[in-house]
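Following this line, the structures themselves.
Next come two complexes, and both contain chain A; in the first it sits with chain B, in the second with chain C.
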Partner chain A sequence: MHNPGYYDFFCGVKTVASHQALACIPNLLRELGASKPMIIADKGVVAAGLVAIVEEALSPAMPAMAVEDDVPVDSDVTTVHRIAKAYHGKGCDALIAVGGGSVMDTAKGVNIMVSEEAENLLDFSGTGVLKRPLKPLVAVPTTAGTGSEVTLVAVINDPSINRKLLFSSPFLLPDIAILDPRMTLTLPPHLTAATGMDAMTHAIEAYTCLGKNPMSDAFAMEAISLISKHLLPVVNQPDDKEGRLALAVAANLAGIAFSNSMVGMVHTLGHSVGGVCHVPHGTCMSILLPYGLEYNMHKSGPWTGELLLPIAGEAIYAATPRELRAEKTVAWLREFNEGLYKATEGRHSRCFKEVTTRDGSPAVPREALGDIAKTALGDGSIFYNPEELDFEDALMVMEAAWEGLPLDMDFVKTA
Partner chain B sequence: MGHFRGVSSGSRVMQRRYIAFMLWFVGRAIVAASKADKDVKQEFEAFPDGFTFSLGSLPSGPRMVIQKKAPGKVRYLGQGKGEAIDLNLTIKHLQAFFMILSFQESTATANARARLFVDGGVPEACAVVRVMDIVQVYLLPKVIAKLAVKRYPVWSWRRHILGRSVVYLRTVTGI
Partner chain C sequence: MNTNVTPFVFPSKIGAGTRAMAHLPYDLSGFGAVRPMVVCLESVDTDGELNPLEDAFRGSGLTFGVYAMEATPTMETVREAWTHYHEGGFDAVIAVGGAVVMDVAKCLAVAGANTPDLLREMLNTGGTVSKTVPFAWVPTLDAMCGDSAPQACLGGKQINGEALVPNLIAIDPRMLSSRDPYTMAEAGLGALATALCLYEEGEIHGLIRPYVQLSVRQVMAGLLPLMGPQKTPSKGALRWFPKEKGREEEVAYVTAMAVAGALEPLAKKSLTFSLANALAPLSRVSTEVLAGVLLPWLLNHVHEQKERELSSMLMALGDMEHLCATPDPQRTGAALALLQEKINRIWLGTGARLPRTLKKAGIPRERLLECSQGVAEAIEGWHAHEIEALLLTAYEGRRVHPEMLKNGFMQEVV
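Up next is the complex of A and B:
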């Protein structure tokens, strides 16, 4: 066990997990003194029929006063302002976020606006700006990845400066998280893969970065074990309800782990790729995860080596000498990505040059790597990375991740 | 209800004086480095004019306040004189601050142990931490600076020797 000398650990979200968990929402909201919820979702979630399932679970006990379903792929400030206005207009008193990370983050942003009766969300950017509890917020994740239902942060894009802004406060934690596998059953295999690897990255960075502690380690280990066991089978067989519930629980565990330990350079770079090139977060995470572990190997290698047990199982762990376990973990993650690439018929990208936009053009042009590296230096997660990461380091990692080649360890500065 | 005697924390006079001196010295060194070091200069160039940040300890200081007044003009404002602070870096308590400034605990470790609060923009906080890392490398012998920063940088001898001399000279003389 790694004892950091001091740590604190908190998770104040009531989590309800079952095959029929949605049915509990009206009673849970009533306990919080709310009766007029607004549902926030995106078009994809509505088209998949998921909002209809939630509405059915709410009515007739507590029908939704309004449904706002126009959240973009990357949550942004303009959308938050617009939905906050609608919330006041409809006389709502609670929020139900039905969606992935973008919807959750948008709902958290809206909650800041409506609770603080604010004019501009940007006034609340940063850490610890919020000073009091917000309106009741129920989080219903429709992907098993972000863990946003149990995190105290929101990342919201400000298009005017092309940067993702961080909002962090314990008051941003949702009051209730609903894990119901009906919400992820229709998720296509490539999105299941990317979001699953997002959760995997949360757990692995929580375990290997500077903020790790024994309690978050326990959550991270279980999350890694569940994802390793269930992700590929669920991608191959999307209607596996038990597997879906296991992945939802894993994402939740990983969310709790990284909320308390924070994350490192995989997120530092991933946020920047998302901000500059609008690549989905899960895709960035799955590509960058092996690189982050390689880059930090001289600092956090022993912790990375310990992860071989939940990732590859007892037999492989026991058969691998201690000094080779970290490298084996990285190799296994690359194989895992390769397996997901095959299972999704090439839609799960292994490197940034494979990522394309909807019209088939490259999403991450090589010329953008400099901008990505520069933007990364302003991301808060950089504080928690075991090794320093300057512009040259970030660019080197991005170039390798673009090509899909392992890091040349001779160029990793160790002192 | 019973009557309770008010209890205040120990004053830790020596620690407080040591921290106040270090903040005074580091504050002046940041100003010096903003003129002498290209990386520090570049970091300050990215801040808007009037940007003010503070580094201090709860519950009542000490602290230092630095302000970018105009391009190329950075001022150390001592404990501050009521200026609006754009970025507040606050250490949880005096003892934790002493551990950081006596190099028993690096800034990164202190942050990971939740001893450092950031109130303000995260990109600006990242830039300020980078500035302070560079200044620490200038001010401290390698063996101590290695305890304070994540990775001791590889600099040219010119930057190490000449840069350090200029930063020290400007810090002490205030020119």
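Up next is the complex of A and C:
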């Protein structure tokens, strides 16, 4: 069993979670010496009426100076430069990011530019480049979720070389995270399911990877418990405000957990599927999660077994012999996915062959699995996976996840 | 879910385990600091207990200075420290120790970013601090859970503000050797009470629950094995650190102190701590011990009389098997019993030096009424007679009949 010897933990984001959390923004910004915020969002968030809710919460105490809503699905350097210029033009002194991961990353990139008065964002890529606090940044997530309101990284595409750049620094953490269930009330059931499973994967991988520690475990366990309890009911009843708030808190806790422990092969393969076939991240996570746990079972089985309690409840946990709890956890996750599939009338995918593009064609052709497996080996998250992964293993897992069949454990290498 | 609109933040970076201090030079440089001043007790300096810190800084290119302080500091202590800080060109503060050392170090961090005169003014007015120089804490086993809280006390006066929370906390086993069981028990009770008093209102907010569970579990994992003659290392703690490096329990215990500090601003609004603070001047023991005495009675009352559900407390106090084995209707009772059992074991570990009743804590019985009236005026949702009945229960150490509580009937309990 892995023994880290040393661990560290940090989450410096002031978080407000309640049904009227947005109303706190003006006072909290004032405490940071700011009064002229710019809102950054995307067209989808605006169309859903969410920016209007935020603007209403801000006014009349602190109306937004500007709203920039032309953020693409994947954050890019050109967009960051453009918005930073607009920030200066409008005389803003704070940022409010309203949206999902791309909006958050864009806002973090803009914050670098405006705080450092930089000409080029690329000068700040990498880890530990920033040396001082940035302008006030408020994160208002509209999914539950990526947890990017509590992460200290931003991934921003450089279209000139078609490469994703990583920016990492504790100074990138938002100052404030606002978890208000009104921001996810209109999220369609299949997106609620996918983003919920994204959060679940964050928490489960945080609990079962090599970077786990007592502090991240506490957050992961709470997140898993909340998602297990609330995700399916919220998918079935989207206007369940208490459930929406619980899921928002869960995604936040899961973000804290994985930020302080890292993740594993589910993210390794999921990033690759997203990069090669452009499948949404949450969909990748929910499909791959049971496979990652299966693959690692001979190494992290006891930890996986502990998750049976929050996932399936004490009756199942108590009735399952200790040596079978890990398998039961995986089985329950598959059943959970099945439940989400039914609740979303088939829009939540159980395997990759079910995932389609907007025009209905397969999003993950079988022929692409080799490329996906090859690309996965360059992903940094593999370092924290309990078991090593080579090309054959990655391909085997992808083939099983494509078909929707359990892994053949006889072929899993036990290094 | 409890959805009171309360912002919550714990902005310290905690590093725990083998050679945790080795990360300090790099982490401090992330704040732009290259020349920290260490604040510690004289004995820590003269006994060579800073040697591991020197090892940590060796090779980093950074050096540090040392201000060795007296055990009963005053504003003049801080002023003297500031003079050395200012003249020595220091740019960060590292507190090595706990309790009064932390108070002085925090005050120095404020003065370093402002001036001693501004610090004095803040202390006089109970001001809120918004700015300090970069500030790290290397706890020893003298740590108290208020050390990482957003407050500092000096000469009976207090300042508050998130800026008083350490930027960095390095929990290094090499600094956790010498210990006094009574001091640790006192601090451990304080941390337990800080975490569990939040159940007074029933279900705890989801954002805070991990901190509560962590504090309680780490206190239990660390403190109990260290108390008394038989030290049984907990499986949970041993899972993280190689046995030959040692001090897993000490690291767990100090981590609990650090994490509990995050809960302190919430805990001080509780009835438990309102009463403990009101009674402390009348007692021979500290607020932390009094909170530990009051807590089980108060939670029991909250459950029985106010019908608040406390079943999730079992997740913090027990383990998974315990939780599974206990049906839901029995969980609150099981949790309360477990809490009392833990407190009793702490009592045993101090050789019965800790009081378990307000009577044993030296509180005069006749002062309970005035205390209850004072606190009832400050706390919503509680009547004076209710609080008085609670205090009487905690005074005698046995439960008062519910009818007596309902009727506010206060007679000598035989």
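As a convention for this text, the second predicted complex is superposed on the first by the 398 of 415 C-alpha atoms of A that agree within 3 Å, B and C clash if a C-alpha of one lies under 4 Å from a C-alpha of the other, contacts with A are read in each partner's own complex, and residues count from 1 in each chain.
Here is the rule we use: a residue touches a chain if its C-beta (ideal position, glycine included) is under 8 Å from a C-beta of that chain, and two chains touch if they have at least 3 such contacts.
Since the structure is predicted, the reported quantities are computational estimates derived from the model, not experimental observations.
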| item | value |
| --- | --- |
| First (chain B), second (chain C), both or neither touched by A:377 | first |
| Which superposed partner A:215 touches (first chain B, second chain C, both, neither) | second |
| Partner chain in contact with A:412 - chain B first, chain C second, else both or neither | neither |
| Which superposed partner A:388 touches (first chain B, second chain C, both, neither) | first |
| Which of chain B and chain C A:125 touches, first, second, both or neither | first |
| Contacts of A:242 with chain B and chain C, given as first, second, both or neither | second |
| Comparing the two partners chain B and chain C, which touches a greater set of residues in chain A | C |
| Partner chain in contact with A:331 - chain B first, chain C second, else both or neither | neither |
| Which of chain B and chain C A:21 touches, first, second, both or neither | second |
| Partner chain(s) touched by A:250 [first = chain B, second = chain C, both, neither] | second |
| Chain B and chain C footprints on chain A, overlapping residues | 4-8, 128 |
| Parts of chain B lying in touch with chain A, wherever the complex brings them together | 108-109, 111-115, 117-127, 129-130, 149-152, 154 |
| Residue ranges of chain C in contact with chain A within the complex | 1, 3-20, 23, 30, 32, 205-207, 209-211, 213-214, 217-218, 236, 239-242, 245, 252, 255, 259, 320, 323-325 |
| Footprint of chain C on chain A - complex, ascending | 1, 3-21, 23-24, 28, 128, 131-132, 170, 176, 213-215, 218-219, 221-222, 226, 242, 245-246, 249-250, 252-253, 306, 309, 314, 317-318 |
| Residue ranges of chain A in contact with chain B within the complex | 4-8, 125-129, 163, 165-166, 209-211, 262, 377-380, 382-384, 386-388, 413-415 |
